[in-house]
Amino acid sequence: MSLPDEFHDIAKRVNNWGRWGADDEIGTLNLITDEVVREAAATVRTGRRVPLALPLQQDGVQTGVIPGRVNPLHTMVQINQEIFGPGTVACSDDAVTMGLQAATHWDALTHVSHSGKIYNGRPASTITPHGGAGFSGIDKPRHIVSRGVLLDVARAHGTDRLDGGHAVTPEDLEAAEEFAGTTVRAGDIVLVRTGQTQAYLAGDKHGYAFPSPGLSVRTPEWFHARDVAAVANDTLTFEIFPPEIENLWLPVHALDLVEMGMLQGQNWNLEELSEACADEGCYSFMLSAMPEPFVGGTGTPVAPVAIL
Amino acid sequence: MSLPDEFHDIAKRVNNWGRWGADDEIGTLNLITDEVVREAAATVRTGRRVPLALPLQQDGVQTGVIPGRVNPLHTMVQINQEIFGPGTVACSDDAVTMGLQAATHWDALTHVSHSGKIYNGRPASTITPHGGAGFSGIDKPRHIVSRGVLLDVARAHGTDRLDGGHAVTPEDLEAAEEFAGTTVRAGDIVLVRTGQTQAYLAGDKHGYAFPSPGLSVRTPEWFHARDVAAVANDTLTFEIFPPEIENLWLPVHALDLVEMGMLQGQNWNLEELSEACADEGCYSFMLSAMPEPFVGGTGTPVAPVAIL
Amino acid sequence: MSLPDEFHDIAKRVNNWGRWGADDEIGTLNLITDEVVREAAATVRTGRRVPLALPLQQDGVQTGVIPGRVNPLHTMVQINQEIFGPGTVACSDDAVTMGLQAATHWDALTHVSHSGKIYNGRPASTITPHGGAGFSGIDKPRHIVSRGVLLDVARAHGTDRLDGGHAVTPEDLEAAEEFAGTTVRAGDIVLVRTGQTQAYLAGDKHGYAFPSPGLSVRTPEWFHARDVAAVANDTLTFEIFPPEIENLWLPVHALDLVEMGMLQGQNWNLEELSEACADEGCYSFMLSAMPEPFVGGTGTPVAPVAIL
Amino acid sequence: MSLPDEFHDIAKRVNNWGRWGADDEIGTLNLITDEVVREAAATVRTGRRVPLALPLQQDGVQTGVIPGRVNPLHTMVQINQEIFGPGTVACSDDAVTMGLQAATHWDALTHVSHSGKIYNGRPASTITPHGGAGFSGIDKPRHIVSRGVLLDVARAHGTDRLDGGHAVTPEDLEAAEEFAGTTVRAGDIVLVRTGQTQAYLAGDKHGYAFPSPGLSVRTPEWFHARDVAAVANDTLTFEIFPPEIENLWLPVHALDLVEMGMLQGQNWNLEELSEACADEGCYSFMLSAMPEPFVGGTGTPVAPVAIL
């Protein structure tokens, strides 16, 4: 099996290899300039803050279907331990084991490869068991702060939650832009809401996972044209799953991460943000979504916050 | 052994139990109002961003002396795995095990207790092995974004790194305020730089841990008087270690976390920020330091970012 | 709610507290004397060895219903790493995270408590987050080698697998003894086969877990009368589940572990052993089932072997 | 760099590839026949049992020098939790994270490779991040029970502990055989005692690790000539470390595991066994040393027991 011509055609059109030099490891995050950040700060009007991470807990979004992507196992290593003797100040400490892609997370550019390559044309073999991602690990983007724009596709469609078979297209994105009264600009981080999180919040983890609405294979070209810095949404798979084209699995991942060098976020909870943006009548805001700097990580949990 | 009168005297003066109601679980973070955040956003002048987290890696700051507080063990669970068949898009996934207080972190208010109590007078026994912190877990502060102020005590003293025996006093903080040309305000997050991180960055983990400069037992009253929202610094122990008063261990933890209900941050890397603030001639900035929402966690890794 | 009189009546009859002294931490394992072991060795006739552990893998018997009891997450930390330079001998290393009771395991005597007590009348509060079981941890039995006897209740009933509602009674055990042509003796380790493992081996993890045949609340008295050293079986819950007496949960655990001080084994794979014993016409053998000595552990994975 | 001719010469002489067929995955363990096991059982004279595993605890033998090989982190996931309601039987559960080679362990045949090959000539690339060892994983030896022989080199030399620079030679092994009054036979598991464990037991972890006495590069030929089934010793590195031949690292690992297909055990505590054998005047015994069946594991913790 190999990837179809259709995929390779799009890949050529969105490819950013070399655009920021042969040494670049962060791709479209280069588009977040100081000026973009100044303008992001200027969008803050009310000071209202909306967190976008799901709780980190063993009853997380993973169902066990993806091998090794384990929900957080949180354990206490000491509780009210009077480590300096009886009657002294007592300490509690905890530890966690979790998959870096298990919860609300960023995929690093190295989370997928295709045809033996990762972003910027480097060999996929630079990811090793010992060191993880030798290039473009999640520790490489030093900061992710920019203007965020919520494209609330579900709300723009007049629904709480898109159908499981709904591939979000460029037309959907533009309709949501119009609904928001905001134009996506270079360096923006775009949050695409499908409403799928409602299944998880209602206790239906399997329904959340599959079938899932998500981004169409046609969206990478749209993001590329707008020079978006990163995209996140409120699904487990990011892209529509099962896929639009039979036997073409994870094409959006391959186009966004490998070809374009654009970070993807998954399992972001956009429900409260949807309410807040509707309340305020404003779909752009300052967004801080700092990766935890796992050296060589191909992903990271993230606790994003929108500041309206 | 019991805590000395001197401790209890200060405790009375800084106690905030009931100040935000009997149900409150977040303490001084209540001081970060929408207005404070709007003003924080208004401090952004250049758009320059400075990350404050140390890399997450097995060669982290822990030396093994604190039982159970393990440096991150990062492992790959799959590498370039063609999960949908040969020639398809390939995935890499990773997992981690780590102590929640092992790296750059926030202590939750429940990280310490004394005399059987945690913040707001609740019993320490509400922390359990199964659920962690039943109250005031690190998942309770929904967002931590505010104005940040760097009090660069080392630079104000004209040194790169304070001596191991240097207890940072209110007088030191005020001298650093004056040096910075900034007055700490209600709702600010104060970052106190000792320069101690340089030991770790130079490869001396044991020298970083101990002996360590850090906050004096006299500082909680100063933070209380200024209505500071949270404090972080660049040491393993936060407070001076070994302590100023013989056999009075971790008094600052007990006063800040239990009595005042004020979050503490430790192992923050303030070196680059120190340079940036000196360059810009400005020691206040917007700070985003979102906790990862571990349900019941008594701490969390954090990837803070200062936006100048 | 409190435990019913019926439970307390049996508890009195099987109680072994003080039998081996106030300091004892291993209970009925004291019954395995050197003589018992010599006789166990003398049962070896063919030299055939049968392993009794299920494979340790992420697709293990846990379904996620028991919080925190996670299947093994096996990860590689290095693969063919030439740590001493190119062309040198290359190393592969791995790590695991798992629940100590997740797979084929021994419960330590401390795995359950009731009415605030553990075995030998010690307070349950001697189990702590920092150190685990202060007494009767799984590191305390230094060796578990004895004569094993398979009581193949399923085969004696002429079936492959007992019904989910089948409580294995003393009469069942005696019928299986008779079927085996063996009499259980003091110091023996008794393996009780229900055939329930077949559900797991056939891919039905939920059917394996529940409903499950298992030991009746009447069996502890039988084990006590025979002075059995330990008992293991081929189910997730050991005892019949749901229980025989409404609202009396885990009575067999409480009687065996707390009152009698007798170790229990769960999730043992007795299928091959059942075939081997039937082939050989012999249901007694030497059994080695060494606990991994986790200090303070309340359980341990075990890889038992029967030597026929 | 490549391996020297001297290495390749020995490799040819000890190579067992194909000896048990092209499909074989367990190497010299094939030498443990039913007859060997029957004879092993017949060595049991007193019934005395001696455990050979070091305690599993965070203060284990690892010093942090070997990346990723972490000492056990044991945590409680619930303590006396009344999961079925107040007043019911209460449960305690625990979890662990550890390196599979961190404590008393068996190396799987796949723990090392050289020149791109593992045992039986298979490609080293059959070890993968997702599945671990595709061949010769530690789950493949279904049982390890045989006659054990203690070659107490330290005691035969009249010392408690060999010097750090002492390479244990075939001559040493034969002197220990003579001292023991026992001849090593085909299928035996040989335990070689250097006394090095005493450093660890005395609290000197660094002294235990390095420099370390251990097996000479000349021993694989001796083990091959005797048709030994497996060899374990009481050091961190198994072979003398630093090595006898400059820049030839881990030659014994490569010869034993890759060429001969013979399992190695490390960090075995042979101190009590040394006393017991001296007491009994008998250096052969029954040995059970069952691997935990981690699927694809390149090693496993083991809790061996000698039955005298």
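As written, the chains take the letters A, B, C and D, and residue 1 is the first residue of each chain.
Following the convention adopted for this analysis, a contact is a pair of C-beta atoms (placed from the backbone, for glycine too) under 8 Å apart; a residue touches a chain by one contact, two chains touch by 3 or more.
Keep in mind that what you see is a predicted model, and the values were worked out from it rather than measured.
**Student:** Kindly list the shared contact partners of subunit A and subunit D, in label order.
**Tutor:** Touches both subunit A and subunit D: B, C.
**Student:** Can you check which chain pair, B-C or C-D, has more C-beta pairs in contact?
**Tutor:** C-D
**Student:** Just how far, in Å, is the C-alpha centre of subunit D from the one of subunit C?
**Tutor:** Going by mean C-alpha positions, subunit C sits 26 Å from subunit D.
**Student:** Would you mind pulling out the distance in Å between where the CA atoms of subunit B average out and where those of subunit C do?
**Tutor:** Chain centroid spacing, subunit B to subunit C, equals 45 Å.
**Student:** Can you pull out the residues of subunit C that are in contact with at least two other chains?
**Tutor:** In subunit C, residues 67-68, 70, 73, 75-79, 95, 97, 128-130 touch at least two other chains, as defined above.
**Student:** Name the graph shape formed by the protein chains and their touching pairs; answer line, ring, star, complete or other.
**Tutor:** Chain contacts: complete, every pair touches.
**Student:** Considering only the defined contacts, which subunit C positions touch subunit B in the complex?
**Tutor:** Those in contact with subunit B are residues 67-68, 73, 75-77, 95, 97, 129-130.
**Student:** Report the residues of subunit C in contact with subunit D in the complex, numbered from low to high.
**Tutor:** So the residues of subunit C in touch with subunit D come to 1-3, 33-38, 41-42, 44-51, 53-57, 66-70, 72, 74-80, 83-101, 110-114, 124-125, 127-129, 132-133, 139, 142-143, 145, 247, 249-251, 253-254, 286, 288, 290-299, 301, 303-305, 307.
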